[in-house]
Every structure is written in structure tokens, then in C-alpha cells.
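One chain, chain A, links the two complexes that follow: it is found with chain B in the first and with chain C in the second.
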Partner chain A sequence: MPREATSPGQAAPRRSAMVHIIGQNVGVILAAIVLLVSIAAFCGMFLLQQDRLPGNFEVTSTVNNTMPLALAAIGQTVVVLTRGIDLSVGGVIDLTNALAAIWLTGSTLHMLGVSLLIVLIGAAAGLLNGLVVGLGRLQPIVVTLATLSIFQGLAIRVLPQPGGEVPPSYTDFLVSTNGPTALLFLLAAAIGWMVLRRSRLGVNIFAIGNDEQSAIALGVNAMRTKILAYMLGGALYAIAGLFLAANATAGDATTGDGYTLTSIVAVVLGGVNLFGGRGSAVGAICGAFITTMIVNILFFAHINPLYQSFYEGLFLVIAVVLGALIGRLVRGSR
Partner chain B sequence: MSSAAAEPDKASPAIAASSVSKAFGGVQALHAASFAAQAGEVHALVGENGAGKSTLIKVLGGRIAPDSGGVALDGRPVRFASPADAARSGIGTVFQELTLLPWLTVAENLLIGHEPRRFGLVRRAALAPQAEQVLAGLGIHHIDPRALAADVSLAERQIIEIARVITRHPRVLLLDEPTSSLVEREVEWLFARIRDLRAKGTAVVFTSHRWNEITSIADRITIFRNGAEVGTFTGIDEDEAITLMTGQRVETMYPPVPPVPAGAEPALELVEGSVNGTAQLAFTLSAGEILGIGGLAGQGHRELFSGLFGAPPLPRGRIKVDGKQVHIRRPSDAIHASLGIALVPEDRKSEGLLLPLPVRDNLTLPILSSLSRFGVIRGAVERRMCRDMIARLAIRTPNAAQPVGALSGGNQQKVLVGRWLLAESRVLLLYDVTRGVDVATKHEIYELMLRLAGEGRAILFYSSDTEELAHLCHRVLVLRGGRIAAELAAPALNAEAIVTASVREAHAA
Partner chain C sequence: MKALSLSADALRIVAAYGAAVLLFVIGAWVHPGFGSFNSITSILLIASFVGLVAAGQCFVVLIGGIDLSVPWVVNAAAILLVTSSLGQDARAPYAIAVTLGMGALAGLANAIGIVWFGVPAVVMTLAMNGIIEGLALGLSGGMTCAACASYAPPVIAAAVHDVWLGIPAALWLWLVVIAVVSFVLSLTRFGRATYAIGNNGRAAYLAGVNVNRTTILLYALSGMFSALAGILLVGFGGQASLGMGAPYLFQSIAAVVIGGVSILGGRGNYLGAAAGAVSLTTLVSVLLALNMPDYGRSIIYGVVILALLLLYGREQRE
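Let's look at the complex of A and B:
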């Protein structure tokens, strides 16, 4: 390079790498802070009323109860990052939960095979979403609203009445009541996220969520990326369905319905941008636990269960408004 | 990456298009156009907007497939499925629409598809250092690779986009309007890079509306008109080129500027103002006057213009309109302030127009309340108003129902001006309105400006084209560091004086 070439601009004082990392991960950091605050609030209320801190039992049941939502939220994150949205979460969980209740029997090997098959069925459900969204160039919200009903219908067909039975060994493996061992699965999910973030698929997911046309010009296969994102989402909802079955030791073809909305709530609380291209599954996991902590706090505050959704909504609005304000402050202070 | 295929045939051009046609809807963008660029030459494509330059670049760069005709690389016919596909054959393209991904970092954008990897996974920690190295290798030291693309300036984004393409060593480099958002120093940098590439045998094709840039770097010039080439030239002067581009002789590029009528009232005053909170800035703009604002980029022009429009307000200063003090906190304050202040911004896509909406809605949006009776828009009145304005500004659109996004850049600009005329704004803030606009439309905009000034409107005019300021303004204020470095009027007002005042102390500082 000839040295006489003038530099095209003056170097502005640089912000340190740390400042950049904080600025670019405000969403996750805020979600973690909100989670810590809500845990502290919960512990405080628990201490006041029980004269002790939450013990092994409380922690374990909180973790076990949150696992399905955390997994569904990770799946939803992957889809939302592509600038999509997946309303079929509830239907996929219904279906996989129902299948788990009737298929999970027999030897360990058999249960392992069945579990794997159910995860593949979840991925196939995602494949259907992805194909229609990607090939048909249709709005994800419309497509997944339709498939939500389809999967719900299939689930009722598989398990018309709540029932079935999940062997205790299966429950012990996924959601042991002796300790919060399920956290290990979350750790695995978080590591999986880190790997995805660094894989070609991960880069492509973020790229099309930022600007699909630009990404295509840069050589990203947008259609394949979307299909894979919905498949990954579907597989994660299926795992959520398995955890739900393990937790309840039985199946129910409507048990997943609520997860469509709560997974979106967790994603928003986790700082994932609903318009795609920005966010982290780690944030979504925090978002899922925040949702659970809010319910726990309301319980200990003796809020009439009839008003529970009112307060849940109120907390959600406050959290989102505060998050947006703080995010703006951090990004604006350059 | 340059492929190790057969030795290129010396007689064949590095890249060529033969009889390429392409239609979008009913518009024939390219009509049996042919073009060829040799290895080791810089080839300028010039023509009015809509002449087919950008479409040709898109065809050559693999972004769109032609309806008929073909592209050849080193004499071999090729067909590209996508720009990425073309890139694999050694064609690097910087399209007019930038392709940076806003919420990724500069480093991620720069290295996308070529990230440092280990075991197939991106080494995220190595991204920024590697990007820093790539940028430094191209002489760029002022862009922080860790910043988000959304947080760097338009010019820096353009530079990153160019850097991303040239760092992959293309054999053919296509640049569509690469300099439109760059200031002189950045253009110099780009041209130094282009000369390097030319010396290494790269064929460089670029489009530009700035004639002095074209003559300073291009070895050959191909002129386009109405979707086909007029011819390829080596030495051609601007007047000749414009004649060929427009198909008619434009007598004088700049119409004569009549003087401001004596005793004109001040229309807009800024008293004790500041664009950055420290530097003082004050001026008076009279009715019927065109006051130019000049200077290097980043000296506070943008802040001044958006500040006067309240988007966001100036950090300090009192604004008087028609002698009365007004408080402008947001754009609606400016629009309704006494005489009405209107801003026509440079980025009409994100700051001014609603592209998918028809010309009609874009014209009448600010005056809908006065157009309505009992909350219902009076359709007949609106239609008549729009028809008149389209005719008056010679907006080239089939009808008022056409989405604004389908018009050319210059005509979009006219729609914005028309909006503020309908709103009866008497003070117009025109911010680089001719950027990326073709010569003929530029000429129309100049005449429109003078007509508006003649009607007693006051115009504050910033342009990145110094010639424009020198030829169209009654006075020019040169800004430096948010201060007025010089005020130039009649006999002393020329492009050289503006440039001199812009840079005089910039080096000493």
C-alpha cells in the first residue's frame, strides 16, 4: 500500500472494548439485573413470611417449573431473530406433550428413542412453518397462527383426555425433585447457543434478521436459514413438551396453549428485539425466570389469583418501558 | 478471490455486457445496452438518473438477471444467480443501496462470510483485531471495528462497504455512486485505492454525477441515455457530455440569480445560537434570499438545519421568524411557526417521504386538517391541489396515485418541496437536495429555487457541491467547528473562495 494515501477521516477517541460490549448487550445485562432484583424481592418476601430463605425444595421446584418456558423462549428467540415470530409454540408443546404421555414406557433405551423421535416431530412441525414462511413468502404471524390450530387439533386427536403416564425414572432424569439438576440442561442450552452464535447458521440468522435483502446480496441463503430457524425452534418446543410431561408425570393436550404468549413475553423481557437481528437466548432464559419469579412474588404477596394476570401485565409493561428507557440512555451516551 | 481458471484472453474485455435489456413493470430500464471495460482501466458510467446506469451495474454484479442479452467475463459468457455468486467469479460490487447490517459490529460486517474460524466456528474475539488490520491495510484508521454499523456515519458506512469489497481482491470492481456521501478527503482516499487496483490490473467501473471526479480518475467514459449507451469516449468536456446525456444542449447549467429586492424583511433570524453548545452562530435570512451554508462535512451543518426544524432543537439560541421570537421544540412547531419553516433533508427516504404511499398523500400530509371538512378529506380539492403541484414542479409521475418510492430521486425531492409549498411554508431549509440527482433534474431544481425566492420565500441552502453554492446563493456562510468562518457575497463569492475558507485553518488546528 502506498503510504502517501491520506486517511479518509480523523480518528475519534475510541471507546474501550468493554464499553462496546456493555453497550451492545444492554438487553441481556438488563434482563439479568431484573432477574436478580426479582429473586431478591422473592427471597425477601419468603424470609418475612417463613422466617427462612428459600431452600432446596423451593429452588428445585422453581427451576423445574420454569424449564419448559425457558426452552420455549430459546426456540422463540431463534425465530424472532430472523425477524419472524412463532405462534405455533403452544400447539407444538401440546402435541409433543401428548405423544410423550402415551409413548414413554419401557426400557431406558426405548424412552431415549421415543424422546428423540418426539424432538424430530417438533423439528418437522418447524419444518412445515419454515417451508410455508420461506417458500411461500408469507407473513410468519399468519402462517404460525394457522399451524398453531393444526397442531392443537392433532394433539387432541392423540390424547383426547388428559392422562397417560410418564415413568418416574424419566421424571427423575429430567426434573429430579432432589435438587435443581435441570439447571445442567439449561447450561447445555446456553453452551449450544454460544456455538450456534458462532456457526454459519447463527451468522446467517442474525444477518437476515438485520436486513434480509442485504443478507441475500452478501450470499446468505435466506430461505434455508429461515427453514432451519423454525426447525430449531420446533425441536426446542418439543423438548419443552417433554419437560412438561416429566414434571406433570402425565400428558394433557392443552397444557402448552399458554406458552405461545408467555414465550413471547420471556423473549421481550430478555431484551430480544421483536424486529429481529438483535438478542440472545441467554436473555430469553433470564426472561423466562423473571416471569416465574413474578408469579411467585404475587403468590407470596397474597394477591387474589383472579387479579394475577392484571399484575403480571403491569410488571411486564413496567419492565419493558424501563428496559427501553435504559437502553436508550446507554446507547445515547456516546 | 481470483479464480485460477484459464489465462484471461488479452483481447477480451475483463467484463462486458452485450445487448442487455431489462424492464421493471412497464419501464424499460435497459434497452439493448452494451458496455465493456478492460482490465487495468477505470471506466466511468455517466448519464441522467433513469438512464440505466444502476440497472447495468446490477446486471453486471449479479443482483438482477437481464430479460435478454448477456454478460461476459474475460470473453466467456457468465450467468450469476446472486451478487455472492458474482463475487466468487471475482466481481466485487458496491451497490447504491448499502448492504451493511445495522445491529452487527463494523468488524462482523467487514468480515461476513470470511470470518476467522476455528473448528468451523467463528472466533469472535479475533473479529475486531482482524478487521482493524484489514482497515489499516487500506489506510483507514478512524473507524472503530467494535462499533455497531448503525452507530457510524453514512460516509463511514460507505467506506466500510467499499473496504469490504476491495479487500477481497476483485478482478472487476463495480461502484455505483460511491462518492455521493463522501467528502473530498474521503473521495481522495477512494481514488488512491482505485489507482492501486488499476495498477494491479483490476477493471474498475463507477458511476458518478460529479464531473470533476469523473475527469480526475476515469480513463474512459461511457455515456448512457434512455437505457442504452450513447458512446464511449476518452477526452470529452462537460458541456459535450451533458449534451449527449440529455440529448439536448443545456445552455447554462446555472440560471442567473436576480438580486434580493431592496428592503426585504428578515424572514428567519438566529440570535446567540449554537450548534454544539459552545461555538457562537448567528445570522439573518431575508425574504427572497438564498443563503448558502458551506464548509467541510461535520462542521455543524446538519445540526443547524435539523435544529432550526426542531428535530432535535438547537442546544442554544433564539429563533425569530418574521421578527417574532418562536420556540421550536419539535418539527410541528417549525411547520406552524408564523411563516412556516420547512426542511427538505438529504436522506429523503428515512427523513421525509413515506415511500410506499402515493404522491398525493405525501404532498398533502401536513395540511390534511385544513383540507378536511368534519374530519373527512375533501377529495376533489385534494386532487386539484395535487394535479396543480405536479404540473407546477414538473414532477414526473404518471398520476398522483403513484407510490413515491417508484419515482426517481430528483422527482422524490420535488414531491418534498411541493409538500412544503402546499403547506405555504415561507422559509425553506434545503439540505443537500441535489445529492445523487441527475443533471437535468438538478437544473429544474435550481430554477425552482430561484422562482421560489422570487416569490419572496427565504431559502437556507446547504450543498456538498461547492459550485452549486457559488452559483445559486446571494450569500454563503462557511461553517467551521460550528462557527461562521467566512461570509462571502457577490464579487468575492466563488467556489474557490468557499473551499479556501473551509480549509484555511483546518490544517493549522
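Let's look at the complex of A and C:
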């Protein structure tokens, strides 16, 4: 994957390990910096207007509200790394969110079983995407646009009106209001990512994202890798749907729609290359939190909420342009 | 080989028109009166809105791009038309010029981001959709402004509804657009450049095509066609409302795909996309005539497009 990793025989000037690491992870590093700056800006505004720093309540609610987006963004990252894109995110979250609101009842064991089943349904949705993209060799953008429509329809069939109920114990477990314990799930996701990244599947995903033909020539089964990537994405969207239901303590078959766009925004802000092959879950998580922080900052800056999407769109363009410029500077001119 | 691929393209267009005719036949079978002249023209009228947006979408898809800013360009155009015309005929020309200008400007901004700053088309047009949404909502105060409740000028309403030679005026307009766009794409230097860029941007550049200028023009045209659809929608419905542009993103892309335009660019033409718009709208009308609930329509939409993709897809791979 690392294109700069020249073999000793080549006469290319060797760069120091530090420059190499920064060059390879410039997207994630930039995302982390932007996140820190936006958190600092938010804390500053909060301090000025409330005469105190954000406390446990603010931190917890920010984390809990960002969980679904963070998970959806990780799923989107897996797909984008294969040089794909998944527009069906919103539909899968709609569907799993609706199912969660109807099925989650009873004993802990029952809820655990139902949760697993819902994650499997998400993976099955991803399987459909992956099969059509992989076997049919079709463009992901139109395939997932079509399946988005299918999943949205199924979601409304499952839960025609917003409603259902999520037991308080389930909500407490996933998104406790006592503290930002949900961060532990993100930590687990990040560790899972480290493992995936070093596994055969992870290496294959990065390989086909960088150069599909070369990867196939080297013996990577591109079709199976793509199908697995979409399935992993689907499972992650399903978990996002569970978190969304737990946070709202009820279900709504349209509340997930927005996540198609915001997951792409988070992925881009997180330094994941939309043309595949570069990016990480950590970046995606940073991107998701940046997206939430922008909304918080706009709120404290007393910006008319009607203008919110204007600033979000503007920020997205500026971030992408700046990211590309800085990336080009760090990696050296080419 | 070339002749073979050309005939395959032509076959797809014929298939798309065939699908529309078949759907009309099915509609007439399940619902008497569906096949009447009035019913057909009213379905075609609704298809013309999709078709106009699809013209712009077709332009950018032909060079391997995509325009996701459609929903709010359509919506903002509708709002801008009523607020700048205030329902007065005297102000209609000015309002139309301002609205089309807004659409072109949005497309131009998209193109500048894509061409000069290297932003991927998906991200740029997605962000532009948000930017215009924010501006439209903010400037109109969430559609609470006094002028927002204005009706479309009678001239524009008449230009949509009035019947000339048995056919609504907006349909004539669409026919003219179909003729002009087809002419431009197949018989002009600009059209040749469009296909060249879609097939291989680098080769087109080396062959002397001004890639940047062509790309900018195509995105500006896409924005303008979305704005035109917005104007006609207001003329059709009378007033602007929030969310009226939302269906047109999915439908314009679907129409382009059904019409046999390769989403990778370089292949297909607007005649096909227009057929796609007609068959898509007819499909919706048939499902409505069958009293199909919302969710069923949504599922069938998706399944039909998947099926068509799989049917066409084998040739699109290289």
C-alpha cells in the first residue's frame, strides 16, 4: 500500500521515518487537528457564554448524539476504501432502527439475540449491495441508490408511523446518560479496526482500493473482498441504527435518511480518500465528531439554525480543498 | 465492433421507449381510462419535469460526473421565482432571468470546485446542495417571508397548462429541449468534446479539447436545467414549497440510467434519458392506479432500477 516505500535497490532519496509516517497519515492527522481546534473553539464559546467549561452532561450528550454517525462513518469508510461509495446507509439505518423499536423487549438474553439478528440483517443488506456491485460489476453509486429506495420502502413497511419502544435498560447499556461511556464502544471499534487493518481481508481491501488490476494480478479475490466490505459496512450501519433507537428510545422509519449524506461528509472530513485506498476508522470517528462540533459551534455562535446546512456545506468544501493542498505539500510535489 | 456497440446503444433507447409503451398498455388494462389521450398527456407533462432535470444530469454524467445539487437548486429556483416575480406578469421576464441565472451560478460554482480545486464531483455537488439549502431556508426565513406565499405569474402558469394543438405548452417546450440537446450532443463540436472527455479525459486534452471550459459549461447547464424545472414546477403547482425538489435527484439519475447512459461517462444520449423519464413516470402512475402504498412504490422503484442495471451492465464493463 504505501507507495513511498521504495525498495533499497532504488535510487530514490530516502526520507526520514517521521516524514514518512506523517505523509502516510496526513488525512487522519489533519482530521485530529481540526477536531481539536473545533473542540477548543466550542469550549471557548461555552466558557464565554456560560461562565464554565462544558461538563459531564454536555460531553455525554455530544458523545451519545454522535455515536450513530461515527458508526455509520466507519462503515462508509470500509466501502470507500475499496473505491466504492454506499448511498444505502440511510435506508439500512431506517430499517434497523425500525426493527429495533419493534423487537427490543423482554429479557436481556432476548434483547441480545434480537440485536445480533438486526446486525445480521444489516450485513444481509450489505450482501445485496456487494453481490450486485461485485458480481454484476456495476457502479456502486447507482446500485446503492437503488437499494436505498428498497431499504427505505421496507423500513416504512415495518414501522409505518414513528413509534415502538426501546427498554430503558437497553438505552442505559448503549448510551448511558450518566457519563460518556459510549466512547468505550468507539474504542472497541478502533481496536477492531487495527485488527482488521492487519488481517488478510483488511490488506485486500486496501489493495483493491489502490489498484484493483494489480491486486487481482497478485491473487486478491476482488469480488469476495468487495462483498465482505459491503457486508461489514451494512453490519456497522445496523449497529448505528441500534444506537439511534437507543438514544431516541423509540423508532422512526425515516430518521436515518440523513445519514447517507452525513456519513459521506464525516468520511471526507476524516481524511479518507474518496478514490479509495487511503483512510482509517479513527479518521472517520474524528470526522463524525467534527460534524457534531460544527453544529454545536453554530448554535453557540447564535447562527440562525436555518443557515446550518449552508455553513456545513461551505465547511465541507473548504476542508476538502485545504486537505488536498496540505496533503500535496506534505507528500512533496508530484 | 463500433457498429455493434452503436446498435446496442440504440437498442437500449428503443427498449426504454418500449418499456414506456408497455407500461401504458398495462396501465390501460388495470385501469380503464389510463390510456386516454388526456391521461397520457398529463403523465407526459409530469415526465417533462423529470426530463428537464435529467437533461442536465445527462450532460454531467456523460463526462463521468454527477450532480447531487439537484434537489435544492430545483427548490431554490421555485422559491426565487415566486419571490422575485411576486405573482405579477410584468416582473415575469426578470424573475425567469434571475432564476435561470441562479441555477447557472450554482452549476458554475460546482464546476469551479471540481475543475480548479480538484474536489470530487460527489463531494462538491453534495456540499453545494447544502449551501443552497441553507441559503434558501435562511433568506426566506423558512418560507415564512411575505413574498414566499406569492403565486407564480399567470403567464408562467399558462405556459405550463395552456394547450397548443392538443398538447400542453410545457410538453412543447420539452420537445424543443429534446431536439436542441440531441442536436448539440450529436452534431456539434461541443457535443463531440463532451463524449471525448467522458471516454478519456486525458486523451481528449491531448487531442486539443478544452476540457476545463467544456466541464464548466456542462455543470452550468445542469444547474440551469434544474432551475428551469423549478420554474415549470411552480407554474404547474402555483406555489413554491419546501422539499419540492427532493424527488428529482433519484428520478433524474434513474432516468439517465434507464435511458442507457453509462454512469462512467462517454456513452448514451439524451433521447434515451428522455425515454427513461417517461417510463419512470409511467411506472409511478401505474403503481398509483393500482393503489400501491408508498413503501411498495419505493421498493419496486429500487428493484426495477437494479434489474435494469443488471440487464445493461454486462456491456458496460470494460
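The rule is short, and it goes like this: the second predicted complex is superposed on the first by the 319 of 334 C-alpha atoms of A that agree within 3 Å, B and C clash if a C-alpha of one lies under 4 Å from a C-alpha of the other, contacts with A are read in each partner's own complex, and residues count from 1 in each chain.
Here is the rule we go by: contacts are C-beta pairs under 8 Å (C-beta built on N, C-alpha and C of every residue); 3 or more make two chains touch, one makes a residue touch a chain.
Values in this document were obtained by computation on a predicted structure and should not be read as measured data.
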First (chain B), second (chain C), both or neither touched by A:309: second
First (chain B), second (chain C), both or neither touched by A:187: neither
First, second, both or neither for A:22, with chain B first and chain C second: neither
First (chain B), second (chain C), both or neither touched by A:157: second
First (chain B), second (chain C), both or neither touched by A:301: neither
Residues on chain A lying within both footprints (that of chain B and that of chain C): none
In the complex with chain A, residue positions of chain C that touch it: 66, 113, 117-120, 122-124, 126-135, 137-138, 141-142, 250, 253-254, 257, 263-264, 294-303, 305-306, 309-310, 313, 316-317
Sites on chain A touched by chain C in the complex: 85, 132, 136-139, 141-143, 145-157, 160, 261, 264-265, 268, 274-275, 304, 306-314, 316-317, 320-321, 324
Sites on chain B touched by chain A in the complex: 63, 82-85, 87, 95, 97-105, 108, 112-113, 115, 120-124, 128, 137-144, 146-148, 151, 155-156, 159, 182, 185-186, 188-190, 192-193, 196
Contact set on chain A toward chain B in their complex: 1-2, 4-12, 14-15, 17, 20, 23-24, 195, 197-200, 202-203, 206-207, 210-211, 213-220, 273, 277-278, 331, 334
